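Next come two complexes built around chain A: one with chain B, the other with chain C.
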Partner chain A sequence: MMQYGFSFDISRCTGCMACVIACQDQNDSEGDNPPSFRYVIKYEKVQGTNPLIYFFSISCQHCGDAPCIMVCPVRAIKKRDEDGVVVIDRDLCIGCHSCEMACPFGAPKFQGDGRMAKCDLCYTRIEKNMKPACVRICPTGALGAGPIEELSKKKAEKASFVFLTSLVGDYHR
Partner chain B sequence: MSKERILILGNGGAGINAAIAARKTGFKGEIAMVSERDGPVFNPMLSPYYLKGIVPWERCFPFDYRIYKELDIRCHFGTPVVELDGIGQEVTLGDGKKISFDRCLIATGASPVIPAIEGLEDHSLYKTIRTPASVLDLNGAIRGGGKAVVLGASLVGLKASEILKKRGMEVILVEKEMQVLPYGAHPLIAGILTSFLEEKGIEVRLGITLKGAKPWKGRVICDFGEKKEIADILLICTGVRANIDFIDPRQIMIDKGAIVDNRMATNVENIYAAGDACQVMDFLSNRHRWFGTWGFACKQGLVAGKNMAGEDVHTADFVMENISPIFDWMYAQVGQIKGYRNDVTYEYLKDGKDGHYLFVLHEGVVSGANLINTTHLAGMIRQAIYKRLPFSYIRQTLLIR
Partner chain C sequence: MSKGEDASIRRLIKAKIPGKETGIEIKKGLCSICNAQCGIDVYVKDGRLIKTEGTLENPVNKGRLCVKGVSNKQYVYHRERIRSPLLRVGEKGSDRFVPISWDEALDRIALRLNEIKEESGPESVVFFTGFPKWLRPFLKRLAHNFGSPNYMSESSTCYLATVLANRLTYGCSFVPDLKNTKCILNWSSNPYYSSAPQAINFVEALERGVKIIDVGPLNTTLSRQADIHLRIRPGTSGALALGIAHVIIEEDLYDREFVSNWTYGFEEYRAYVKEYTPEVTAKITGLAPQEIIAGARLYARTKPATIVTSASVTVHHTNGVQNHRAITALIGLTGNFDRPGGNHVVPTSYYHRATGFDTREEEFEQTKNWEEMAKRIGEEEYPVWSRFIHEAQAVSLPFQIMSGKPYPVRALVGFGVNYRMWPGSDFMKKSLERLEFFVDVDLFMTDTAKFADIVLPASSSLERSELSISPSRYAIWTEPVIPPVGDSRSDVDIIIELSKRLNLNDPLLSKGHEACLDFIFEPSNIRIEEIKKHPGGLILGGFPRTPYEKYKKTGFSTPTGKMEFASVILREAGYDPLPVYREPKYSPISTPHIAAMYPLILTTGARLPMYMHSRMYRVPWTRGLRPDPMVDINPKDGEERGIKQNERVVLSTPRGSIMVKANLTEYVPPGVVNMYHGFPGADVNELIEPDYRDPISGYPGYKSLLCDIRKSNGGDL
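Our next item is the complex of A and B:
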């Protein structure tokens, strides 16, 4: 099975939030202030006397062994065979929030109707050879997307990869 | 040589996931399944959603009946296991039939505990929520305008109170401890929830025990000592107990469930256990604990199924987690709030009008949290507990945007 995913280069992210806006715009959900599928967190650390600020742009990681799938009591969450993208059938969702507890990335977002919605890697764009909205807009090239074999080859040595792995890495032990 | 046989006791989330995993792993032998109840897998956690009118009855059975055929499962449904001889590798069913096995999974779930109170020997006096029959029975008994007494302010008790209230009943929620959610919530959070339930019209009575129950003209007289209530429904939500009476404790180690390691194996070779019938390792206390959630039952069943089929897979230790809507609020417990250790501190934060966080910290590291309307952080906080991340990290990255 092909597995698509995001890559993220922490050394390039400036926390500009363009990805968040692009995601909201692409996914145009109901309500005045719908939660965004992508969000940015800031992490400050002091190294010697230097304050270091990191930004992480996070959304659904379309995990290989996605923990949200199994906990869903109505089996509304599935992985697409063709690209490994994790998708939800919103018609089935009952709003129990079990996926919210299972996801280490805070990816499931609950809309005004009480049902979950999340990043689908803009697979309809990918199918047309376009980049996901967040990747397309990223002015510094911090975000990328594609088949994970290619991404990990390119990004494996990047600090972001190491850091994110330390944060969530061995969840699937 | 005859085919190898995996025998699965129980047709719930744990049992069916074990069968799916065993077949996915390539197990070609026989899979047999015994279940007390006939019919496809029922998900008990969907019953509140059915009773609230959110899901139709048929969707409380998330796996199609065809799955048994697809997975080539030999079903022995409609009769319970009454005896398991782990060493002799054989079970005896209620109808006297015996089934031998090469590997066996105990996935018989749990049942509501009925407290030893005078009058409750008469099953017709009270209702419970667990099996399909009990849910349909409760559904049929709900009449708008009547009075319901819910015994036990567990999470199921809170959900049940909401259902009964929404369906037009007067609801009295009775708890013997001095707070709601006595095992899962910090008293401060419990107090906030109590006020909220009261605002929604539920009468919450704490520190009260039921002394006896008696039938009266098709209703139930609930005797609380100083006060009596005549209820149309007495609903018991005082907790559950693993269905493991058929286990011989001289063979298989049991406590509140069958004790298993991270491969879901018991101390007896070839005997595994998963779901509400077992007790697994708790990450925080390093002791075996009973967890009781649908997601864990499914995950544990999957691991047991793979191992029974010849793989060697391990689960991570477990961290307690509960999440649920209560009326229009979302409540969650992550990790350990009470009884973890004595040298903990608490950090309470408010977020807007109805958002609350209560963190339990040990040496600055998060070991538990209660969340009200801030559950978007539940999974990340659970991850922080696994990673033993300092509270300062959570405060900085997650709480302050």
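Our next item is the complex of A and C:
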């Protein structure tokens, strides 16, 4: 089964929050306290005398073995065969919050109608060869999306390039 | 249509997929929330904007967008948009207006302005424009045609002081050649927050292994990524630059050929920087001597190297122009001036964009010589500013309104005026009340617009046309992508209509926006008609790239024809000719008696990603990201004061206090607090004196003064 997912490069994330609002713009999250399916967490620590600030952008991870699917009493959550995206049928949802308790990432959000809503990886856009809204806007390219095999291959290539450069100096790909 | 097909189309519409079946169309627009002019793909359905995305083929942002740009839907359709011309019927500031027609509004304005001109001369009417910059040449032309020398803009506090400083030293301005450089000395700029879609240049530089030295008190993402972060005390940039020059000269790392052939005043400069040993510099800046030496060596030994400064951080100090001159002197000292990978001189055209095109912008906007008009506001106080910058100095405006000297100022025609821009913003607000006639053109009913006699509704960039020519020579003319909100109009159309009703008899302006642009770009043979044929924009070809090392042929446009370490113009005007360092007017060193009561250093106005001055506060999406006015304070300082995260605190200077929330963060070093500006109800500019300014440019010292923070006792300030 094909599995799509997000990739994230923490060294590039600047906490600019564009992904958060791009998600709200795409999903028309408006009104009082509109939910965002993606959020950005700031993390600070002092390493020796060096203060470090990092940001982490996170949403639904579209888990391979998704706990939200397991706990949903009405089977409203399922994994799409085509791309492994975890989706919710809001017509079936009873708003019991089980998925919220099971999810390690805080992905399920509850809207005004009491039912769950979450990131769907913009799968309709992906079908049309468009990137998810949050990935498309990311000014530094910290966020990516695609089949996870491709994403991990890219990461491996990038890491080996860094190793190679440190071992043999400047060299062109 | 079958049930299945129906569901599938509903899914496409929900995902906002453009196409015939969904009725969603992508139209090309420009974002004008800031001045970067990012291209935006506007998703339109049934005449309404439903989504925005960066335009891939626009080289300004290459498909990227920032948090503000993607909020355009809420910005454009905000309920506080002004929908028709308004006439104030209540007290000034009361927000009691009645709608009137455009005809009535424009006639009333023209009648009153011509009356005032008749009674006390055209100079008693001021023409001001805020942000962004696209309408500027038109407003300046209107002002001069009217006979008033007092065209002024928000550039009285932003960007132009760096241009002034660079022209004093080099006779021109320059841009960092990021694509070809091997080392970036980034001086107090946070590109990831100030121009996120363009910051990819820094990411790519990092990937290429370009060395980065980051200077500044704030701990930004670029500080983390940099090879060296020189975390100076705010306001001490000048001292650090002199200290770096000291190391470069002592260790013989400077470009002897450039210095001996192309510079003036080097011996004087060398003698002055001798004082700034690493130990002395370390004491002033708060750095360690080794850090200064390491930074100086890395910058001077890596060739080519470029210096990046922000639009105004380096000049927002009471020694701003000289600090900036000290920084940019390093470019010539190391031979990186107008060389590939260094700092490249590219002529700017059409509101300060480095495109290299010849234009008639100056001829277009300055229709009268200065000698034909009265003295500009601020001209006597800031003669060097007035010599180089062809505008009045707006920071002097409230003083002249209040004093009536040297002549009375009675009326203001403003486009996007915000009194919170001024240091001592309450003083500017008071002066607005004193005006006899105030017209404000804006998108929103702002706190400033509430003081206007007549308010005119401007349309957003998505409801009108705009020309953008980027430094990469990509040109686009946009058509309106949605109908105007309410009865709003394009700023330029408002200016053209005003010109007619004022009987200014300007045939060129009367021909309209496009004809004026054709006039401006005529020397480069660029015509709007041609650009229009390419709705998605085009790269203007056939123009030679701006070459390097042009000074070898032309010399420098300074009195000596050379780069001036010692400025002849400053000497003649009675200022220090060298880029001397002076402490901020209020600092622990210059005013220890004040520091005893106000021990923390206050720096203000550093960009937050979601705000652009005050214009995004009202937009729910961006406001939701930082709903409260917050002061950044180091956890150590917080602990000493018993302050916890999100607690209400009082931020005070000798001038006043505001109530804000504490944000404990390593973003600021111990001893420094950082506050964003312009927040309604917690305006930090009220804490800064109206005359806390740089003596050469008049720029406010927003970035370094003294303050204290205490826990709020619950009630009053």
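Everything that follows uses one rule, which is that the second predicted complex is superposed on the first by the 151 of 173 C-alpha atoms of A that agree within 3 Å, B and C clash if a C-alpha of one lies under 4 Å from a C-alpha of the other, contacts with A are read in each partner's own complex, and residues count from 1 in each chain.
The criterion applied here is as follows: a residue touches a chain if its C-beta (ideal position, glycine included) is under 8 Å from a C-beta of that chain, and two chains touch if they have at least 3 such contacts.
Just so we're clear, the structure is a prediction, and the values are computed from it rather than from any experiment.
Q: Of the two partner chains, chain B (first) and chain C (second), which one does A:Glu44 touch, if any: first, second, both, or neither?
A: A:Glu44 sits against chain B and chain C alike.
Q: If you stack the two complexes on chain A, which partner ends up touching A:Arg90: first (chain B), second (chain C), both, or neither?
A: Neither partner.
Q: Taking the superposition as given, does A:Met101 touch the first partner, chain B, the second, chain C, both, or neither?
A: Only chain B is touched by A:Met101; chain C is not.
Q: Considering only the contact definition stated at the top, list the common interface residues of chain A for chain B and chain C.
A: Residues 44, 170, which sit in both footprints.
Q: Please give the residue numbers of chain B that touch chain A in the complex, ascending.
A: Listed in rising order, the residues of chain B that touch chain A are 17, 43, 45-46, 49, 54-55, 59, 62, 294-295, 298-299, 302, 314-316, 321, 323-325, 330, 332, 334, 375-380, 382-383, 386-387, 393, 396-398, 400-401.
Q: Mind listing the chain A positions that touch chain C in their complex?
A: Touching chain C from chain A are residues 11-18, 20-22, 24-26, 28, 30, 33-34, 44, 46, 51-55, 122, 124-125, 128, 130, 133, 136-141, 165, 170.
Q: If you look only at chain C, which of its residues touch chain A in the complex?
A: Where chain C meets chain A, its residues are 11-12, 14-17, 50-54, 63-67, 70-71, 73-74, 192-193, 196-197, 199-200, 203, 209, 219-221, 224-225, 609-610, 620-622, 624-625, 665-667, 669.
Q: Which residues of chain A touch chain B in the complex?
A: Listed in rising order, the residues of chain A that touch chain B are 35, 41-44, 56, 67, 70-71, 73-75, 92, 94-98, 100-106, 109-110, 114, 166-168, 170-171, 173.
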